[in-house]
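In the two complexes below, chain A is the common chain; its partner is chain B in one and chain C in the other.
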Partner chain A sequence: MGDFIKHPFVDMPDRNPEQVIPNDQLVFTSEEKKQIQTWVSHYPTADGAVMRALWLAQEKFSFLPPEVIKLVAAEIGIPYANAYGVATFYTQYFKEKKGKHVLDVCTCFSCQLCGGYDMLHYIENKLGVHKGETTKDGLFTIQEAECLGACGSAPMLQITNGPFVHNLNKDKVDALLDALREGKVPAFTSVTLPQDEDEMGGNRRTDVSSVESYIVPPISETVS
Partner chain B sequence: MDDKKTKAGDWRSYQRVLLPPVKDLHKLDVYEKHEGYKALREVLTTDKWNPTSVTNEVKKSGLKGRGGAGFPTGLKWSFMPPVDPNIPRFLCCNGDESEPGTFKDRQLMEYNPHLVFEGMLIASYAMSIKTGYLYIRGEFADWITLMEEELEKAYAKGYVGKNIMGSGYSCDIVIHKGAGAYICGEESSLMSSLEGQRAYPRVKPPFPAQKGIWGYPTTINNVETLACAPLIINKGGEWFSKIGAPSHPGPVLYGISGHVNRPGVFEYPTGMLITDLINEVAGGMRGGKKLKALIPGGSSTPILRADMIEGVTMDADSLREAGSMMGTSGMLIMDEDVDIVSWLRRITHFYHHESCGQCTPCREGTGWLENIVTRLDEGQGQLRDLDILLDLCTQMEGRTVCALADAAAWPVRYTIDRFRSEFEAKCSTETVPSGGVLETA
Partner chain C sequence: MPNITVDNETLEFDGRPRLLQLCLETGVDLPHFCYHPAMSAPANCRQCLVEVGTPQINRETGKPNLDENGQPIIQFMPKLQTSCSMDASDGMVVRTHKSSELVKRAQKDNLEFLLINHPLDCPICDQAGHCPLQNQTYKHGPEGSRFEFRKVSKPKQIDLGPRVVLDGERCINCTRCIRFTDEISESHQLTIIERGVRNYPMTPPGVEFDEPYSMNVIDICPVGALTSKDSRFRARTWEMSKTASISTVNARGSNCYYWVKDNKIVEITPRTNMDVNEYWLADEDRLDYRIFNDNRPLGPTISGADVNWDAAYKAVADCLKGAKGDRVQFLGSAFATVEDNYLLSKLATAVGASTPMYLTHTEAGRGDTWLRTDDRTPNSQGCERLGFQPANRSALRSLIQSGGLDVLYVLEDDPVASGLCSAEDLAGVKVVLHYYNSTNQTLPAADVAIPAATAVETVGTLVNDQGHAQRLRPAKSIAGVNRTLSMEIGKCRADRHGTPFDKWYDESNLINCQPGWVSIPRIASDLNIEMNYKGPRNIMAELSSANDAFAGATYEAMGEFGVRLSEIGVTA
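And then the complex of A and B:
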C-alpha cells in the first residue's frame, strides 16, 4: 500500500513572494483581452469569467503567481482577493512553478484497485523524485490525483491538465516518458465502448488517430 | 431467473438510444441524419407543444435524475416560478462528474454531444430559459475543446442562439470550464463556481429554483438526464416509462470498473440484475476470482457484500431494500484479494482532500476519519477505534451545509458495519488499560 501523507494539509502559498514575472512581460495581448471580454459577456457579472481567464493566464505564464492573479483581476475588473480566492481553491491552478510536464497519476479507488499506486511508485522510482516534486531538469512534476473520471480504463494519468493516458503499464510509462522528453505530447485518445466493439467492430469515431479500449486490469500489478 | 421476468426485460436484445450504434454520431451532419434536432424542431414549431406540455411529458416519462440523488426531473422543472420577463432564468447542465467510480458522462459528451445540447435546449424551452450553462470539470480539457467545436457548428446552423429555427425562441449555451474540485458536482457549489466564487455550497432552502445563480431562478440537471429529454419528445413519455424498472424507468449508462473481464460504459435499461451486469455484461470476474464486494453507484453509496446482491436490481427501490443507493450507476467491482481497510483508507483520503472547508464537522471530521482509518490500516488501531469512527460518522451526518460530510461518513459507517471482522483482524492486540491514554499513531 502506498505511503499516504499522514497530515495532508495543503501549504498555502507565500502571500508576498518576490515577483517572478517581470513587469514588461506581465501583459495580455489584444487578442487575449478580446477573448477575455467575450467570456465576460457570457455571464451576468464579470466574476463568472474569472475561471476561464485564470486558465488562459496559466497557459500563457505556465503558473499563477500573485502578480498574474492581480493582472487577471484587473483585466476583468474584480477585486484581487476574489481572484486569489478562486485561484487557491481549485487544484488545477498551479500556484507555484511546476515542471514542463505535470503527470497527475490517478490513485483514487478504482485506480488503486487496478494498480494506480504501482504506477505512481514506478514513475517516482524512474524519475528519482517523490510525488509533489519536480525533477532537477525541470521536465517532470509528479502528482497524485483524485478521481479523474476514467475508472474503466484504470490505471491512468493526465498530462499537464490535458490529454489522458489510459490503461497504464510499465512499458507504456517508459514510452510516454521518452516521448515527453522528445517534446511529443500524446494526442487525444478515444476509449471505445465495449458495446461498440460488438456492434460496430471498433471505435465509432473515424476522426481520431489514437484509440484505446477498456481492458482487464492485470492481476500481477494489482495492489490492494 | 427467466429474462422476460426481470425488470430489465429482454435486455440482451436492447437497442441503445443514448449512444445508438452510428459511426461519427458526434458530427453535426451525421446527427442530423439520425433524427438530430428533430425533437427540438417539433417542440419549437408545432402547436402540439408548449412549455407546460413538454414538462408534463417528462413527468409522464418518470425520468429520474442520473446525477446521484435520483430526483424526478419533470417535478424539478415544474418548481420554477412563473415567468417574469424582468427576471432572467438559467439552466445548468452538470457535467462535473467527479464522483469516484463514475465515468459515463465523459463518454456521452464525447460520442453524442448534440444530444446533450438538444436536451439542454428542450429543457430551456420547457422552463422558458434563455441561457444554459454546461459546467464541465476542468480535467476534461480535451472534451471541452471537442464540445466547443460542435457547439460552434450548432450555432452556425441556427440550432442554438437567436430565433432558433424561426420560432422566435432564443437560447444560448455557454460551456464553463471547471478547475478540479469534487465539490463542484454539488448543485449549490456549482452555482458558486459559475458565479466566479470559491465553490462553497449554500444552505438550502432557498432552493435553486427560487434563488439560483446570481440569485435568479435556476434548474440544475445532470448531463445524462438532459440527454434523455429529446428521446422522450421523439418517442413519447409512455415509451420511456416502459423501459426497465417501472419505478425508475429509462436507459442508463452503467459504468463498470474494477476487477471484471470487460470493464467499460454500457447502456442498458434500469432494473438490471447486478449479477447479470457482473457475469454477463462485464464478462465475469477477472481471473476467475470470487466477488467480494461492490459499490453500486459511486464512492458515497454504501458498499454491498457479495452475499447481499442476490436478486437485487439496479433501480432506486431494489437497491434501497438491499441497503444501498442507485447513485450515479458507476459500479466498482472488487474481488476476493481486496483489502477493505486499505480501500476505505483511500476513500477517506479522497473526502479529506475534497472537503471544501466551510463547515467544521466536515473539515475536521474527514481528517479524523482518515487519521483513524490510516491507524487501523497500519495495524496500530484499537478495537475502540471502530466505535470512535462510528460516533464520528454520527457527528458528521446531516450537520453540514451540503451532503459531502454524509457522503464521507456513509462509506465508513457501512464498510465497518458490513466488514467488521476485517477491521477487527487489523486491530492491534495490545489493550489499553482502563483510564489509560490512547497513544495515536
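And then the complex of A and C:
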C-alpha cells in the first residue's frame, strides 16, 4: 500500500488475453461438478456458490485465467461478468500464474511494528526477487499482504492461502524456505481464541509447547 | 391515507414507495447518485442520508406512545439512514438537510470523500454542465479539498464497446451502469473489477460492451465516466438547445430529446415516457441523426434545375392538372406525419385518384421484444389508420413498367432505393418527389423535387406500433419560415437550466425545405382545391373528430406524452 500512495496507478487488465489452458483440459470432472452443484444447492441463489467454486477451480488449475472464470460461471449458471468481478475483488484468487509456493508476508500495522518489512526484505534478498515476482525456478512468489488476522503472533506470513507461519525471524525463514524446497509444507497452526486462553495458560497458540519464540516475542531489528 | 412528515411538512403516499422516491416526487430535493427508480437500490453512494424516526409503539396496546401534548413520541434511529433503500411507513418523521445540521454535514463530508479521487477538472469534462456530481457539490459540497496526496490514476479513454467510452478516474462506483446491464438489459456485459480505491467498471476479458442498448449507461452515469464515442466533446451542454420529441428510426417512437447546436442535431438522448420507452432509448435511435444534418437539398428543382418554390408548386400542379385520376398514383409515406399523409389523401381524392398507398420498410431481425422493431418507419400505423394500404410492390412495378401510370406522386420516400422499380422504369412517368436527402435515389427520375422538412424540422403526429399517437416538435429551424413554425414553438426556448437563451436565432445551416402541411396546401391552391388549415394543429383537430381511428388525438390531448388510440381501424 505504501508504494501505491506514492505511485497510485491502476493498470488495465489485458482485455483480450491469449487462452492459456487448452480446451481439452478446461473441464470439471463429474465429481467436481457434483461438488459444485452441492454448494449451489446450499444457497438461495446460485451466485452464492461462486467463491467456493472459484476456489476449487484455483486448486485444480493453480490459478484463474479468464477461461477458467468463464468455466466456473457456466458451471454454476451465473453471468461470466459477475464471476469475473468476484475473482478480481479478492487478492487470494490468483489471476496470473504464480510460483508453487506463494509467500504472503504481512506488513500491516502490527506486523510492520514487529518487523514485517524486515522479514519481507530478508526473503526478497534471499530469493533474489522483489515482492510481486516469482523466482526463476518457479518455486516461490513473494507478496506483501495486509493484515491476515494473526497480529498476536506478528510478524507472520501465509503460504499459498494456506498455513500461517507465526513469529517470524530470520532463522525461521531460512528453515521454512529449506523445508518448502524439499516439498515440506508446515502444518496449519491456528490462533487461539481469547475464550480459550485460560486453558492454555494465557497463551494464544495451540502449538505453544513447540514454539520457543513465543515466550520471548521476536523484536524487530530496527525496533529495539 | 398514510403519511410521513418531512421537515415538518406532511406528505401523503400510496403503497410502499421508497423514501427517496417519495421525496423526489413531492418536490423534496434530496441529493443522490446511485439510486435510479427503475433499478434496485444498493445504497452505495451514501449521498441520500437523512435522519429517520418512527413513532414509539407501546408493546402492550400496540398503539403509539403519546407525549404530554398528545403527539406520538418519535424515536429516531441512532444513525443516519439511506433514504433510497428505506420504505416509507406511516407516521415516519424525516429530517433532511433543510432541518438537520447532521444531515447537512453528512452530505458535505460524503461529497468530500467522493471527490478524493475524482479529477477536479470539470472545465475539460464532457459532463460539465449536466453533471449530478458537479451540481450537488455546488449545492451541498465542501468549499475545497483537504486531500494532499496524489489522486489515483485509473485507465482513461477506454472503449468499453463500439459506442461507450470509459474514463475510470471519474467513476464514483455507483454501479448504475452495472445494474443496468444486470437488471434492465440483462446483457451482463459489465462488472466492477478490483476493489477499494482501485475499482472501476469493465467488461470481463474477451467481452465487448456492444449490446444494442449500451448507450443508456451514458445517461444514467451520474458523472462523466461514461461518454458517447459518437458525440463526446462535440458540444458543451449549454451551447445546445434541447427539444422534447420522438425518435423516428423505428416504429416504437421512443421519446427523446434532440440536442441542437447551430441548427445541427448533435445528440439524441432519452426522454422518460412510462407508456412507451420508460427511461430508455435504443442505441439505433440515437445514432441516425446525420440524415437530418448531411446531404440535405438546397432547394426545389424541376428536372434537376434549381427553381423557386412558387415555380415548383406550379409545376406540380401542372403535372396533376391534365392527368386522368386513374393514371395517377399517390404514394403516402410511413416516414411522414399523419397530417401530411392526410393532406395527401385529400389531394388524391380531389384529383380523382385512388387512396394513396405506402411503401413498407421492414428488416426482419432488427426488432426485439423491447424498443426496437422490424419496421424501420415511424408511422406505418398512422398510414394504416388513414386507410392507406401497403403497396403491392410487384403489381405497382408492372403497372409502372407497362406504362399504366402518367404521374407518380411520392411523399417523403424513395421508391428506387427501396426496390420498387428502377429509375429507368420511371422515364415515361412524371414523378413528383418530396424528399429529405440529396442521396435519394429516385431524385434523378423526379420531374419536380420538393425538399421536405424532416422529423426534426416539422410539427406533426406519428402513431407507433402500439397505437400510441405522439407529437413531433421542431428541434431546429428551416430557411424561409417564420421561425416559430405556426406558433408551435416558443420564440425563446429555455436551455437545460431554464435560462431562455434563444438558440433558435442562428442563421447557419438552415435547410431550404418545407413541411408537407405547407407544400401540399400550396399545390392544392394552384389546382384550385380548397385546403385551408391554419396549421397541423387544426388538421389533427379535424382528423380526430372525423376519423374514429384517431379519436382523441388532438394536440392538447397528446401533449408531451401522447395518447393511446383505441384499437378501432387497426388492420395490421
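As a working rule, the second predicted complex is superposed on the first by the 180 of 224 C-alpha atoms of A that agree within 3 Å, B and C clash if a C-alpha of one lies under 4 Å from a C-alpha of the other, contacts with A are read in each partner's own complex, and residues count from 1 in each chain.
Please note the rule applied: contacts are C-beta pairs under 8 Å (C-beta built on N, C-alpha and C of every residue); 3 or more make two chains touch, one makes a residue touch a chain.
Given the structure is predicted, the values throughout are model-derived calculations rather than measurements.
Q: Thinking of the overlay built on chain A, is A:P17 touched by chain B (first), by chain C (second), by both, or by neither?
A: In the superposition, A:P17 contacts chain C only.
Q: Going by the contact rule set out at the top, does A:F89 touch chain B (first), chain C (second), both, or neither?
A: Both partners.
Q: Which chain makes contact with more of the residues of chain A, chain B or else chain C?
A: Chain A has more residues touched by B than by the other partner.
Q: Tell me the contact category for A:C147 with respect to chain B and chain C: first, second, both or neither.
A: A:C147 sits against chain B, while chain C stays out of touch.
Q: Pick one for A:P66: touches chain B only (first), chain C only (second), both, or neither.
A: It touches chain C, and chain B stays clear.
Q: Between chain B and chain C, whom does A:P79 touch in the aligned arrangement: first, second, both, or neither?
A: second
Q: Do chain B and chain C land on any of the same chain A residues, and which?
A: On chain A, the residues that contact chain B in one structure and chain C in the other are 4, 6-8, 82, 85, 89-90.
Q: Considering the complex alone, what residue numbers of chain B touch chain A?
A: The touching residues are 16, 19, 21-27, 88, 97-103, 105-107, 110-111, 137-142, 146, 172, 174, 176-182, 193-199, 214, 216, 255-267, 286-287, 299, 330, 332, 334, 337-339, 342-343, 345-347, 349-350, 352-354, 356, 370-371, 374, 377, 441.
Q: Where on chain A is chain C touching in the complex?
A: Residues 4-17, 66, 69-70, 79-82, 84-85, 88-90.
Q: Once bound in the complex, which stretches of chain C touch chain A?
A: Contact set of chain C toward chain A: 149-155, 158, 168, 181-182, 188-195, 197-198, 200, 202-207.
Q: Chain B touches which residues of chain A in the complex?
A: Touch list, chain A to chain B: 1, 4, 6-8, 42-52, 54-55, 78, 82, 85-86, 89-93, 107-110, 112-114, 146-154, 158, 161-164, 188, 190-191, 193-196, 199-200, 204-207, 214-217, 219, 222, 224.
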